[in-house]
């Protein structure tokens, strides 16, 4: 990041604050993240306990006080972020900036507009702030591998989901016709909801077929759902297996000393890019190696 | 398609109409498909909302009008298709021709025969017309890959399904004998339905075992169902993994003209065994290509 | 099978009968199997319909007559099998012999001992006779592949099932202590039944946790069950993938002309058993082949 | 274990007792383990039957006597273990030492403190003692393979579980806002419990969405849960497939001493590249071995 120094020209405290708040490489930055993580989780616990009627009745005042404490803390943090970030407007409009704002706003709005159960529950979005804290190096690899496996298979999965969608609409309508409104299948949307409940093998049991024909059709839906779960599983498994470090004989660390290209096979004697002779691989095997697998 | 011009000899408007309606390669054809897709989805929404009792009571007249609007539209489309297609009779008897007809017929029949909740719900078959529109090139690859994986494993899957069928009949009968009619297992077919609900891990809970022996047997069914889901998943996963393009960028067909060795990477310029220059790969890419994936 | 002719010495009709009844390679044998299959399925349908109270009330006499018809047919078949088989006693004591007997006996016993709902339902075991008929060559491969994959992974699966068993016993007892008898967890066995229902993601809903601690514990059970289903799936998938035609470079058809051993790699130049020179592989590739994959 | 003899210096009976009780290689040790296993299982059965109200009422005295019998047995075993083990204090503080103690203590405490349903149910921890007995050699391989596959994928699985946790908290809160307390979603924790029940496809049905918006959201949760189960399955499958012994009988470590090529089969006697004689494989098998699998 060239010009990093220039951005904070002269304002040394802003730069130091930026490093503590936004980065996690220094001890101070890591400690800040840990405290923030604990504050977020405690504040979430407060929101959850507040939603339990009996606890709200007995400890309402304490929870209310804690709520304002955390909101005050997060407000201070938000202001500090705005102060030390090079471009405050851009941060405020970014995804994390909006989440930060949304996680403190409800209580302030509640002061002006007294109703708003819906508003205060927005505070649970504070949870999303955990993602910022969790961007720790040790998890990045795994997360990105899972992500890339899902990205690589997103086409197949969307074709699969489209097929499932068409299936549940057709099956739901069929069940609506077969079972009818008197057996709980009160409308086509409700019947589609039932088809999803059944196809995904969730099976709440709030709506169940009563007629023999309906039960026969439901059996078909269930066996279909039981069988086609293999499809997304197969897709993702194949992707993960493919994205894993390849078991083949290619070595990522063999470097050509002539053109500095990488990715040469373990059994290669000459660089495939510049035809220069390669040094033997690290495992020390020389001569005509047929196949080496680790 | 030789003789394509002859079919429409002289009738230039029929040919142009055919391209717009039946093909998706021209801008006009694509726009036609998009409008059709929206019309189908809106018409489906109308059918669904009509099935909700409260909406039917409050907006019945509007939905009725919309229904006739879409039916009129699809009728016009059907007539146009019949007019521009080279062999109208063959189109009318084809699968899509029948679906097109079935998606407009119910309302006209409803004019003559006034009852027919069952008839009007046939309109949901309009959904199948989406498939015609979705035959877009970008999804074809994924769909065909999934399809071929399923076709390749259809024998194993049918053997598996046969086994499941035998299992649920035996287990259902056993539960009928063990639990009896007083605990909801009123007949062998109902008990088989219960066995399917349980084995597929759907578990509605409308029928549940009450006796200790029945609960023990149900536990066996559940663990069986939990375990054997691995079988279809394994079959399909193995098929998808096999049909996928191989992980690396290695090409089995690139041959070194100097030492006749194979297995050279797609981005190799020189033989890794004898350092001789390689001809460019078949896909015609020359020069140092970093990474090529089909 | 040497001495096959001697077994039926002189009794040509027994030999011909044996081929028709026990084998499926001749047209007559295949037709016999098809008729038997239809008879079994129709007889099963009779048993099932008989168990439905309303149908039994309206068509009881017809079903009773049909039942005796099929029992008569299967009795004739059983007698014929006993007559034409070389060692009747051994057949009668074999698994299929016992199933054949069990599928005709109940009605005859019902003549002597008039009660016996349990007895007549044994007739459903006729279903197992389908297995005999289904030993058709075209399914044998798939069935044996699935079977060998499951046999190969039976050790891992039994270790896994043992772990699941220990888990449900511990979790069931814990839930019994936490929820107690007043919330439906009336005893440890019932709580273990609940744990199995939950862990296998069946979720009947006949017993559900009511206390916060119980719901928390149930959440752990559910996530566990959701996660560990990956284990049997992984085991079976890996087995199926392994038992599939191997993608490696070994060719089952390369034969050493010196010692007649098989299983030589595609890149082998000399027999690994007798050091004799091998002819080039069928694909006609000569010279130092690094790696060939089909 | 050098100095093994010194530990038991002079006390020959302690050494022999140690071998019988703690080891499973001698016939006596194996018999001891078998008897212990049966005693544990019978004692567990006693605990379970005691929890069933009707059995407790009819056979309470017998079960009480059996309970004391097994407790006496396990107490004797515990004392013997303490006596023969080289460092008794260390054994008493080890995991298995604590489990051994916990499985006998409840009854003795029950003599002093008469209440304690919770205490007596601790006896079910005796089940964990089965693990000690099950450390039989023949299962070790499979268990360790499964364990290493799960250890290798524990990072990916924890990232996945973290994502699931965030998802159920967000979805649970959303459902609490959408459905509200009047439809069973009485608090955020209860709604999160519902989200877990639904996402894991368990679907008890004790809490179900009633509003159209809630059912729509529930459908999304269900399809998500149906789809993302592919992720842990894919992770574990890829790990198991990777950790499995390679399909063929090829050994990566066999080196030809003449041309230094590798990748020779375990049953090869001569180098497939230069026809030189190979040394026998490391496992010490000489001669023409047809197929060796570990």
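Brief remarks on what is shown
All chains are identified by letter, namely A, B, C and D, in their written order; residue positions are counted from 1 within each chain.
We take it that contacts are C-beta pairs under 8 Å (C-beta built on N, C-alpha and C of every residue); 3 or more make two chains touch, one makes a residue touch a chain.
By chain, UniProt protein names: A, B, C, D = Ion transporter.
Everything quoted here is computed from the prediction, not taken from an experiment.
Farthest chain from chain C, judged by C-alpha centroids: A.
If you compare B-C with B-D, the chain pair joined by more contacting C-beta pairs is B-C. For the pair chain A and chain B, the fraction of shared interface numbers is less than half, so the two copies use mostly different residues to meet.
Per-chain CA centroids place chain B at a distance of 30 Å from chain C. Here the spacing of chain B and chain D, counted between their Cα centres, is 41 Å. The set of chain A residues touching two or more other chains comprises 189, 192, 201-205, 225, 229, 233-235, 237-238, 241, 267, 288, 290-291.
Residues 44, 47-48, 51-53, 117-118, 121, 124-125, 127-128, 130-131, 134, 139, 142-143, 145-146, 149-150, 157, 161, 164, 189-190, 192-193, 196-197, 199-206, 225, 229, 232-233, 235-241, 244, 247, 285-294 of chain C are the ones that touch chain B when the two sit in their complex.
Listed in rising order, the residues of chain A touching chain B in the complex are 155-156, 159-160, 162, 166, 169-170, 173, 176-177, 181, 186-189, 192, 198, 201-205, 208, 212, 215-216, 218-219, 222-223, 225-227, 229-231, 233-235, 237-238, 241-242, 246, 248, 250, 263-265, 267-277.
Every residue of chain A that touches chain C in the complex is listed here, in rising order: 201-205, 233, 237, 249, 267, 288, 290-291.
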